[in-house]
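Labels run A, B, C and D following the written order; every chain starts at residue 1.
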Amino acid sequence: MCRWLAYSGSPLLIEDVLYKPAHSLIVQSLHSTLGAETTNGDGFGLGWYGAGETPGVFRSIEPAWNDRNLRELAAHIESPILFAHIRASSGSPVQQTNCHPFRHGRWLWMHNGVIREFSEVKRELVLAVDPSLYPHIEGSTDSEVFFFLALTLGLEDDPPGAVEQAVGLIEEIGRRHGVANPIQMSVATTDGTSVWAFRYSSEHDSRTLFYSTDVVTLRALHPEVELLAKVSDESRLIVSEPLRDLPGAWNTVPESSYGVVQAGQDELRSFTPKVPSRPTAVPAAP
Amino acid sequence: MCRWLAYSGSPLLIEDVLYKPAHSLIVQSLHSTLGAETTNGDGFGLGWYGAGETPGVFRSIEPAWNDRNLRELAAHIESPILFAHIRASSGSPVQQTNCHPFRHGRWLWMHNGVIREFSEVKRELVLAVDPSLYPHIEGSTDSEVFFFLALTLGLEDDPPGAVEQAVGLIEEIGRRHGVANPIQMSVATTDGTSVWAFRYSSEHDSRTLFYSTDVVTLRALHPEVELLAKVSDESRLIVSEPLRDLPGAWNTVPESSYGVVQAGQDELRSFTPKVPSRPTAVPAAP
Amino acid sequence: MCRWLAYSGSPLLIEDVLYKPAHSLIVQSLHSTLGAETTNGDGFGLGWYGAGETPGVFRSIEPAWNDRNLRELAAHIESPILFAHIRASSGSPVQQTNCHPFRHGRWLWMHNGVIREFSEVKRELVLAVDPSLYPHIEGSTDSEVFFFLALTLGLEDDPPGAVEQAVGLIEEIGRRHGVANPIQMSVATTDGTSVWAFRYSSEHDSRTLFYSTDVVTLRALHPEVELLAKVSDESRLIVSEPLRDLPGAWNTVPESSYGVVQAGQDELRSFTPKVPSRPTAVPAAP
Amino acid sequence: MCRWLAYSGSPLLIEDVLYKPAHSLIVQSLHSTLGAETTNGDGFGLGWYGAGETPGVFRSIEPAWNDRNLRELAAHIESPILFAHIRASSGSPVQQTNCHPFRHGRWLWMHNGVIREFSEVKRELVLAVDPSLYPHIEGSTDSEVFFFLALTLGLEDDPPGAVEQAVGLIEEIGRRHGVANPIQMSVATTDGTSVWAFRYSSEHDSRTLFYSTDVVTLRALHPEVELLAKVSDESRLIVSEPLRDLPGAWNTVPESSYGVVQAGQDELRSFTPKVPSRPTAVPAAP
């Protein structure tokens, strides 16, 4: 399992979000309090939107807490959207291509959780990926295959619909293989404009996920927090676990739901997996 | 493309084979003279047979020439069989799971060459891997998929037959996708007892491959070479390019042939790809 | 701070000592229970005696728990002496040259602890290293400078005497700089024949250090432990924290003392720092 | 030896300078044509001025040609000043703290060349570094010690004067140790406003160094080069070897001279080492 954070708002120096909070993601890499593991030291990744058409991605196999390049980038890059992820491998190799976030065009994707019995179901899931997308799978994680299933099923047009179908497919294939609870997930994805965050698990007992209270309210509650003076009113954080102990600041994303951080009013909706209607051929063994 | 060496014979300190020759594989990592690239700095790997049931494998993403751990292991480990490989990536990521040799049970496999238009044909090739073997593919190279095809097609029972079928399949699938010359290869594989080395390319213009002259003859020719006094009569090297400029020491493995280094008389035979008779389903896109 | 283990006895596969115990050093890299930090993920190192004149050293900046090469070496190398160390950096960079054990000729050295206010006293300590040894310092840790001070002061002739003098010097220089408790240490060193292990701190509140009960007694107490059947009577482990919960197996190395594991009777003696008599010039600033 | 480039001018995407030219520094990492070595694969580094007080530094031990994070940063970060360096180690370990550029406050420093017999003279040179700066030396290269000598001798106030004194000191100490030609160097340093570049060697046979022709002239000569349309008139490159074959574009920095790229007219002046007048105590051995 892993920990992640997604920030959307006025451009901030990455370190303001990543290093400065008392229980920052960097601290969580050594001492997570709500995660399935206390240590998340099997690599990390950053995604940000700066110069260039696509988002920048920086991924490393070192633990986040001792990576000097991460500290350098965090102290010298600003971005209006930040995805950051620290990894605790559940078995797949520690290599850059297995670090989150994953990128396709302008899209980023990161995942905390697991597709259970992945080695059992991997072949069928991979076959369901569109053949034109298949060669772009670079690593060996369940999370990346999940991303490519969502892309196959329309992520770029209808993110919630595509993720609901991808999860429906993962559950169907898993159950066909006798897996009781095929998926456990908190997922964030973005196109560089909006951010979608999903909380779901087949057993309806999902990993924690929180979104920050709106900035105007937070400033009134905590005028002493300097960062709040810097950020715009519509700035928002979504996190695996709270970054500081700030009363009134963190709200649970409910079980089986998703949120959208976007221009205008943000939204929170229910999430219901759906088996995709388009055929997903399951070839026989040779 | 890459460079490799395979040693079989009396147990030797790895460094005697890997570092000491004038044009050693370590030198070739910086300055290959016969390779497709002069620099082979995209990782390396060692396979050896020591304590333990399976061979040991040490793989690193650093260039071989500056890796201190490689030098340490080479100076402190002896083995009767040594596989060593230096990599020049043709595009797939530089990560340990993409470094050779690959291992399955007691078998090792390493490859210099390429499956052409691999991103075009990868999905079909991967589907032809036995589903029970599929989850053991860890990296993203053509070479590892080639190994798993050979395993699927009987490598452990009939190595030459399995490799001929794997190549037959790769050529068939490649040509179906319009690839003129689907494969270029020099391959070595071993079960810890015998070593098989193959030289082949669809265009019949294969990368160089050499085997060393038998030790008794070599000792007579070059009594001054100390290493020859250390090794047993049946010791043999197979290499991408000669390790030293020693007249009479190196013999070309002929185009489209393979050699077997084994107990008793070593052999050299012709190599003919064969399309496998067993069905290899090619599923339609979803 | 860090964790380490030293094994001396009949040749064992490294994994028997390093991976198999329930609270192995690999487990401690994620979850140390007695250390100053719970996570020891800032690199690791192995030292062993195999083929070759000097001991082999394998050091990596990855965490021990996810390093596949470490697992490979552990499963394929046997040694009569094993030094293994996992690092939790107190600030100096995570790089191979800062990983323990350090080696000089046939000697290995590893340290858990700290020279306090090291950046204050480093220059003076480094100047006290013999100029002929000085160029061999490769990293930037307090532990390596401590090793070179011990070498300067006669480690190869009288290990306890040299370490007592090195500590005496460190304390003298530290106190001259106003450091209340200049050193905290558990140290192991070996020449490949005997092993010396030291427990000391200026404040007389040293990190834990344990030695295993003699094997004959242990076999009688725990006939069910398979490893005990494999090892010779004079085998011994010295560890930062016990490797398994085995009643009667672990004995505290007393405060301010050292042990020697050697041919014949092992010994346990008191440790008293001594300011070295030979002059250690402290040059003025330029 | 190594290769480097320094850019100063209108803010550019790093990849425009680092990857796009036909004989870019990335190409030189595999195939340098004018360097002492053809391969410069022992790590690399970038320094740039973006958000934050100090310059950002990104350093890696991987070869530049295969580092994906380097490609990411280059495609997503803009800077008005860029220092980039590729390393060919002459023996010191490949670790991030040995990669250039080195940083102190707002200053960056990179070096191609060598202090000869460094292990002989290192102790004396290090002792000549101001004790308050000494603890900031993190690596083990001659180049970093050279930087700290220059800082000790006033780099921040008078860069040319400080470098002349540092070189004078290095030559004096080297000659006292019987080194015929103590230093070979091309050095670049910057405070984020101006850039100084030095070409010198004790034997007056220095490594190549080139500066680009002024942009107005270049645009007239080569209207087809798109990059020239993007950059401001006062933009300038200084490079170990030309980045493309562009007639009239590259001018040799003369032997024993230095250039300053600055607001207003750039300058080219002669360089004369001077033994520093302030005492540099050379302490006796302990």
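Couple of notes before you dig in:
Keep in mind that, in the parts below, contacts are C-beta pairs under 8 Å (C-beta built on N, C-alpha and C of every residue); 3 or more make two chains touch, one makes a residue touch a chain.
Please read these numbers as outputs of a predicted model, since none were measured by experiment.
Listed by label, the chains touching chain C and chain D alike are A, B. Here the spacing of chain A and chain C, counted between their Cα centres, is 41 Å.
In chain D, the positions touching at least two other chains are 68, 93, 96. Chain contact topology: the protein chains form a complete graph, every chain touching every other one. Per the touch definition, chain B reaches chain D in the complex via residues 30-31, 38-39, 41-42, 61-63, 65-66, 68, 89, 93-94. Of all residues in chain D, only 93, 95-97, 119-120, 122-123, 126-131, 134-135, 137-140, 152, 278-286 touch chain C in the complex they form. Listed in rising order, the residues of chain C touching chain B in the complex are 13, 48, 50-52, 54-60, 68-69, 72-73, 75-78, 96.
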